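Shared between the two complexes below is chain A, which has chain B as its partner in the first and chain C in the second.
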Partner chain A sequence: MKTNSNDGDQTRPGGISRREFLIRAGATTALIAGASAAAYKLWQPKHFVPGFGVQTGLQLPSYATAVSKVLPSLAIAHGSDHEKVIRAVIGALGGMGRFIQHGDVVVLKPNVAFDRPPALAATTHPETLAAVAKLVLEAGASKVYVADNPINSPTGCFLKSGLRQVAIDLNLDLMYPEASSFSPLQMDGEILKHWTFFHEPFKKATKVIGVAPCKDHNLCHASMTMKNWYGLLGGRRNQFHQHIHSIVSDFALMMKPTLVVLDGMNVLMKNGPTGGRLSDVKPMGTVVAGTDMVAVDSYGYTHLMERDLDELTYIQKAHDRGLGNKNWKDSLYKEVQA
Partner chain B sequence: MPSATPPPKNRRQFVRTKVTLVERVASVVCLVLLAAIGGYVLWKGKHFDPALYSVRTESLQTTTNEVKGEDGTVRGADARPESRVATAPKPEAVVAASAAEAAQTPDASAPAEGSAPSGPPIKGDPLEVNLPGTTPMSDTEFYGPNNLFEKIDGRAPAYLTFNFQQLRCRSFSVTGAAGSYVDVYEYRFDTPINAFGMFAIERDTNGKKIDFAPDGYSGELGYYFRQGVVYVQIIASDQNAKTMALAQALARDRAKNLKADDSGLDGRRQLPSTGLDPATVQFVQENAQGQDFLKNVFQAVYDYKGKKLPFFIMVTKPEDAAAAFKSFQEFCGKFGGTAKSLPDVNGAKIFSAENFGTYKVVFQRNGQIGGVFDADDIDKGRQFVEEYLRGELQ
Partner chain C sequence: MKIRNTRRVAQVFFFALFLFFVVVTDLRYLKGYPVSLFLELDPLVATATAITTHTVYMGLITAVLLIIPTLLFGRIFCNWICPYGILHHFIGWLMGKRRAEERERIESNRYRKLYSLKYVILIAMVVAAICGSLQIGWLDPICLFHRSMTVAILPMINLIFPSSIYVKQYFHAGAWVIGFLLFFLVGMNVLIPRFFCRVLCPLGAFLGTLSTFALWRIDRDPNKCVDCDLCLKNCEGAADPQTQLRKSECFVCFNCVEDCPEDAISFKFLPQMRREISAPMIPARRALLGSLIGVGFFAFGRSTGAADRNYNKKAIRPPGSVEEKDFLDRCIKCDQCIRACPTNVLQPALLETGLEGIWTPILNMKLGACELNCTLCGQVCPTGAIQRITIEEKTGTGKFADQGPIKLGTAFYDYGRCLPWAMETPCVVCEEVCPVSPKAIYSREVTITKRDGTPITLRRPYVDPALCIGCGICEHECPVTDEAAIRVTAVGETRSPDRRLLMDGGVTSAVRDLEKRQR
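Now for the complex of A and B:
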C-alpha cells in the first residue's frame, strides 16, 4: 500500500486517493446541482409561443357609455337606402347624441380586410360608413379617425372598397397602419394573453364605433361585429386560425366599444370572407346596431345569415364568459322600418 | 507489507480507475459541446426569429406601389396631408408623391413593431396584358401556400386543400372610366383536376356559360374559369358596360395565354352531356358520398324524364374499381339498407340499393365506377344508368 505522507490519504495500487475521490465527488455534485438549477431556471410549465404567454402591455379603456334602463341596447332597421336605414337604426337607439358628445374623438373601425369592390360585400360598404360618420359629426365629434389594419395592402383596400373616398368626402382622418402604429396590448384572453395592436388611432380616442359587414367566413362561419376587431391586431394573424373561436370571443374582452353597427344591407352568404361573385351576396336590407356585440352578432347570424346560432362557437363562448348576451330578445330592443 | 493484497471476499473488485488522456479530451469535448448547444438554445430562445410570429410587411411595402395606379382610379379628389395620418396624394403627382411619401414616412416600409423584415418575395412572371384601355394599377403580386392568407385570409385553407401552388394577381384600371378597375386573379394548382375542384366549389350555379374556356362562366361582376392548372377570376369593380367589356377582354386574353391541359379530367369527360346541368358539375377529391374508397370523383345532376338525378363517375384501375364496387355494395346493405345485384348490362356489373328512403344504382365496368345516387325514383335511376352503359346517352 502506498502512503501519502502529506495528508495521510492512502491509495491501493490501481485505486484513487481520498482527495481525488472527494474532488471527483464534489465536481459531480456541483455539475448535477448546476444542471438542475439551469433546468429549473429554463423550465417553463407551459408551452411558450410569443403572444400566447404572459407579458405586460397596454390595456384599452372601456369606450362604452353608461347602460340605459330606458333606451334600447339593440336596434334593427329595415329599408333599402343605406343612409336612411342607418339613421333609423341609430334613431331607434336614442340617437347618436346618446353615444357621442361634443368634442369627442371617435375611431370608426370598418372592416376593410380585402381590396374588393363594395358590391361583393366583403368589406364595410362605403355608404354605411358614410352614414355613420355623418351622424358622428352631427353629434359634435371633434375628430373622426377611420382605421383598420387590412389583410391586403392598406391603400389598395381603402381605395378599392370605396372607403378612402368616404374619408376624403367627409374630411375624416384615414389612418393607415405604419410600423410605429403598433404597441403590445395586454388582452388576458382565453387564448390571447397579449398581442401587437394597432394603437395609434386609440391614443386620443374617447369613443369607438365598429362598423362591420355581415358575411360568411370559411373558418369561423361568420364575420360580424366581434370578428371585426381582428383587424386591429398586427403580427402573423394566421396563427389565430388554430383557435379562431376562442380568439374571436377574446375580442369581446379586448374591446368595449361605444357602439357596434352590423351592415346587413347586402350579406355575403357564401365563399367568405372574400367572396368574389355577386351571386354570393344576398340583399337583406337590414342594419343592426347596439352596445352588446354578442347580441348584435346573434341577430346577424340567425336573421341575416339565416343559420343556426348553436353552431357559432365564438358566440357561445362569449356568452358563457359573460361578455355579452346571445339571447338578443332578452335585451331591450327596437325594430323599425326606414 | 505485500505490494498487492487480494480483495476481501464479498467485495466487488474495483475494475479501473485510470482515465486515459484520449478519454479525458473526449469528455471535455462532449461537455463543451453540450454547453455550447445549451447556450445556443438559450440564446435562440431569447432571440427567436420574429418572422415566424409577425406580420409580413409586404402589404405595407406595397403601399407606395399601389399609389402609382391611383391615376386611373381616383376621381381627382384631394385630402389633407398630415404626417401621422396617411391621406390621398394629389392624383397629378402620384408617382412623385409616392416616392416623397416613402421618404417622409420611412416607417411605411419598415417592419411593424414586433415584426421582421419580409422574407424573399415569391417570384414569377409578371402578369402582362397588352390590351387597349387597360393601365396596370400596381406591380404583379405573388402569393404561395405559406402566405396566401395575406391575400384572402380565412379563404386560404379551402384553396390549400386542393394543393394550391401560387396566386398571381394584378389590378388594371379602366382607361377613361375613373374609379373603375378590373382585378385578375390566377390561382395555380398542381394539377388540372385540383384546379377544377376549387373552381367547382365556388361555381355560381346561375352563371352563364362562356365560349372561350371549357370550364367557365360569367357572373354579374366578372368571369371565372379553369384553364389547365389555373383557376382564373376576373372581377370587375362595377357593372359599367366599359368595365365589363374590359373584364371580358381580359378573360379572353388569359384563356388564350394560359396553357390548356385537361389531364386527369377523364372522369369529367365520361359524364354524359344529355340532361346535364353544367352548373352542378363537381369534383370531389376525397370521401365522395362518405365513402373513403371513392376518390377523385366527378358528379353532376341530370334532368332525366322530369326527375333530378345526381350521377357520379370515378375512373381508376380496374382492380380498384372492382374493389370499390364490392365495398360500396356491402356498405349499402348495412345499417338497415338493402342492396341487390342486377343483371349485367353491356359488360358492367350493377347493383341497386335503398338507404334511408333514397336509391342508388351503381355500376362498375373495367376501371369505371359510377351511378345514380340520392335518387327518389329507383326506376328512373336504373333506366338512366342502363342507357348510359348502352351508350344511348351522349
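Now for the complex of A and C:
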C-alpha cells in the first residue's frame, strides 16, 4: 500500500491512489455515521421530572419455616448464664434443628446501633449472639452472616459491642454496611413502599434470625425484635420517626424471619435507646424466642419492660394488620428454667 | 551490593512503611502500631513545638534519632528515609529528564539561587513559632504528605474502588485544594527535578543547616577529576559535587560516587574545609524578609481575633484539645486525627479557625458526630494538641466523675426548622440518638390542633445545657439535612474558661439534681 501511494504521489502530483482515497474517505464517513448514530441513540427527546420515575426494587422472600401444630411457637427461659438460657429457650421450641437444616446460609441480625460496651445493654450482648451462632452452626449451617447498619460508625459499634470478636472467634462472616451492599426494596407497607435495603447478606441467605436486645426507646417506647429490622435499612432513616409506629409495624410485613430471639438477660429500662449508665439497666435473666415477633415483643413489653401493652401503638397496628398475635398467651408457648 | 542499591532498598522500605502506617490508622486495624513514627522522627516538628511550648511532647523525643546521624553524615534523611522525598525522587525518575540528553540532565542538576528559598521559608516559620504560631505544617514534608494522603489520596482511591479504604466514603472540606497542591508539587518535578525538596522544603532547610557540622561528606579529589561534570547527571540535591560541595544541599544519595568515571568522588571523614561550602547560602536581607513574613503571618492571623473573642461558632475542636492558643502552639496540621476519626466528623479547617488554623482539625456535624466512646484522635496526635485522654476522662466517669465530661460545645435548637415545633410533625430523632445518660435532649408531650382542625400529640424537644457534651450526633441525625434544626456551636467547651456557657460548668450538679428527681 505504501509503495502504491508513493507511486501515486510521484505520478500524479497532489493526487492520491484510488485505494488511499477509499480508505481515507471511508474512515471519515464511518466517523460521521458513528457520531450521528451515537447521538441519536443517546438522544432524550422528552423532558422529565426528576424523582418521579417508576420505582422498582427487590422483593424479600419469607424465611419462615412451616407452622407446627405440636411444637410451641413461643418459648421463655429464665436463668443467669447466657448460653444456658439460650440453649434452654431454643430447646423448648424443639431445638435449632427445627429451624436450621444442614447447608443453610443463615443471617443473624443483632442490634448494634450504638457504640456501647455490652454492659450498657444498648446492643445485642456478645454472649447471646455467640450462643445463637453456636446453635446455628451445630445445626449444620454452612455459612453464618452477621450484619447490621448501625447509627454510630459501623466499625466502632461492632468493635466496642464485642460482636466483632464473636464473629472472629466463631468464624462468622461479619458484613459492614458498605455503599455497594444496598439495593432498593419494594414492598406495600403502610408507609414503607420503596426503600434502600442492606441486601448483600441476603443474596444467598436461606434463613434469618433476629437477635435483639430488649430496651427502652424515647419515641416508640421500646425497641425489641420488630424494631430490630430498622438496622437492615439504609438511606434517610431519620425520617422514620415522623411515622414511627406505622414504620415499625411495616417491619413485620417486610421481614418474615425464621426465628426471633429477644435478649432480656439485662434490660435497658430507661434513657433508651442509647442508655449510658449501668443504673439504666435492670437484670431480668430472661430470653424469649419465637416465630411470631409480635407475640415475642408483647411478652417483652409486658414482662420485661413491665409496661402496659396498650400504649405500644406499633404492636396494636401489627396485630390489627394480621402480621402477628399480640396475645401471646393464646399461642402455644412453653416457659422453662435454665 | 552497591551503595546505590542499598539506598533503593531503604527507600522502598521506608516508603512502604509510611504507606502501611497511613492505611492502618483505622479503627479496624489499629493495634498499637507507631503510626506517627515519621512525624515523631521529624526534627522540625520536635524543634518547632519545642519553641512554641518549651517542651518536647512524648514521642517527639524520637527526633534525636534523626538529628544525630544528620550531624554526622548530613541530609541522609532526604534521600534515604523521607517518604515525601522518595515520592519526588521516584516521580522525577518516572516523568523527568531520565531519557533526556546527558548534557540537559547535567544542566538540570546545577545549583540555582532559587534553592535558597527554602531557608527563607524556614526562617519565616521559625519566627512565627517564636511569636506563638506553629505554621511548619504548611510545608513540612511529613505533615504535608500525611495530610495529602488523608484528605485527598485515600478518598480518591475509595471513590474509584468503593469500600477499599472506608466502609462508607469519607468527605473532606477543601479536599481539592490539598489534592491539587500535591499534584502541583509532584508535577513540578518535570520542570525542576526534586522541586519541592530543593526549593520549598523547610525540613530540608533545617537538616541542611544541621549538616553544616557533618563530619562525613561527599568529597571530590581534584587531582583525579577531569571536569566531565558526569557527577551532576544524577545529583538529587543539586549540591555541586563537581566543584566545592554545598554540604547543606547534598542529599547523600551517592549517585555521584558511582557515576564518576575516574573514581574521583568518595564519601570521606573530615575532608578539607576549603573544598566545601559548609553553611547554607542565604543573604542577610532575605533572612530579614523571612523574619518579617513570619511576624506578619502571626500578627495578621492573630489580630483577626479568631483565637480570641472573635472566635467562630464552627471552631469546634476534637475532644481533649488544649485551649485554642495552646492548640495553635501545637497543631502541625498533619491531619492524623482526621485519618483516625471513625465517623468522618473531623475535617481540615478552611478559615473557620482563622488564618493560623488552616487545615487544623474541626468538627463538621454534617459529615459525622463525635463518638462517645472514642478517643482515637488524641491517641494518634503526635504533638499533644489533642491530649491522650481516656474514655473515662472524656465521659467524666470513674475517677473523673467529679470533673464531669469533656464538652466540645453546646447544641441549640432552631425551632423554626424543627418538625415538631414548626411543622406539626412528630420526630425527636435528636433525643433518640443523644448518647449521654440522662439524655441532654428531653421532650415534652403536647397536643396541638393542626391546620386542618384535627388534634395531634407530639413530643417537642429541648436541650439541657448542663448535660450536653456537644458531640453533635443530634445535628448529624436531624432529618432537616441541609441546615439542621439543632446545631452545635463552640460555646460551652470545657477546654476554654473564656468559652464556657454555664457559671458552674453545671454538669455534675445537674446529674445529681436529676437523680434526686428520679425522672
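The definition used in the following text is that the second predicted complex is superposed on the first by the 284 of 338 C-alpha atoms of A that agree within 3 Å, B and C clash if a C-alpha of one lies under 4 Å from a C-alpha of the other, contacts with A are read in each partner's own complex, and residues count from 1 in each chain.
Assume contacts are C-beta pairs under 8 Å (C-beta built on N, C-alpha and C of every residue); 3 or more make two chains touch, one makes a residue touch a chain.
Quick caveat: nothing in here was measured; it's all calculated off a predicted structure.
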{"item": "Overlay on chain A: chain C relative to chain B, clash or fit", "value": "clash"}
{"item": "Touched partner set for A:154, first chain B, second chain C, both or neither", "value": "both"}
{"item": "Contacts of A:183 with chain B and chain C, given as first, second, both or neither", "value": "first"}
{"item": "Touched chain A residues, chain B compared with chain C", "value": "B"}
{"item": "Partner chain(s) touched by A:168 [first = chain B, second = chain C, both, neither]", "value": "first"}
{"item": "Touched partner set for A:200, first chain B, second chain C, both or neither", "value": "first"}
{"item": "Chain B versus chain C as contact partner of A:15, first or second or both or neither", "value": "first"}
{"item": "Chain B versus chain C as contact partner of A:238, first or second or both or neither", "value": "both"}
{"item": "Touching partner for A:276 - first (chain B), second (chain C), both, neither", "value": "both"}
{"item": "Selected from 2-10, 20-28, 146-154 or 326-334: the stretch of chain C that, after superposition, runs into chain B", "value": "20-28"}
{"item": "Chain A positions touched by chain B in one structure and by chain C in the second", "value": "114-117, 151-156, 159-160, 176-180, 217-219, 236, 238-239, 241, 244, 271, 273-274, 276-277, 280"}
{"item": "Of all residues in chain B, those that touch chain A in their complex", "value": "1, 3-5, 14, 16-18, 38, 42, 48, 52-57, 59-60, 62-63, 65-67, 70, 73-75, 77-80, 82, 84-88, 105, 107-108, 110-115, 138, 149-158, 171, 181, 183, 202, 204-207, 219-222, 224, 233, 235-239"}
{"item": "Of chain A, residues touching chain C in the complex", "value": "114-117, 151-156, 159-160, 176-180, 217-219, 236, 238-239, 241-244, 271, 273-277, 280"}
{"item": "Complex contacts: residues of chain A adjacent to chain B", "value": "1, 12-16, 38, 42, 49-51, 113-117, 119-120, 145, 150-156, 159-160, 164-165, 167-169, 171, 173-184, 196, 200, 217-220, 223, 234-239, 241, 244, 271-274, 276-280"}
{"item": "Chain C residues touching chain A - in the complex, by the definition given at the top", "value": "26-28, 162-163, 167-169, 342-343, 368-369, 371-374, 419, 425-429, 431-439, 443, 459, 473, 477-479, 481"}
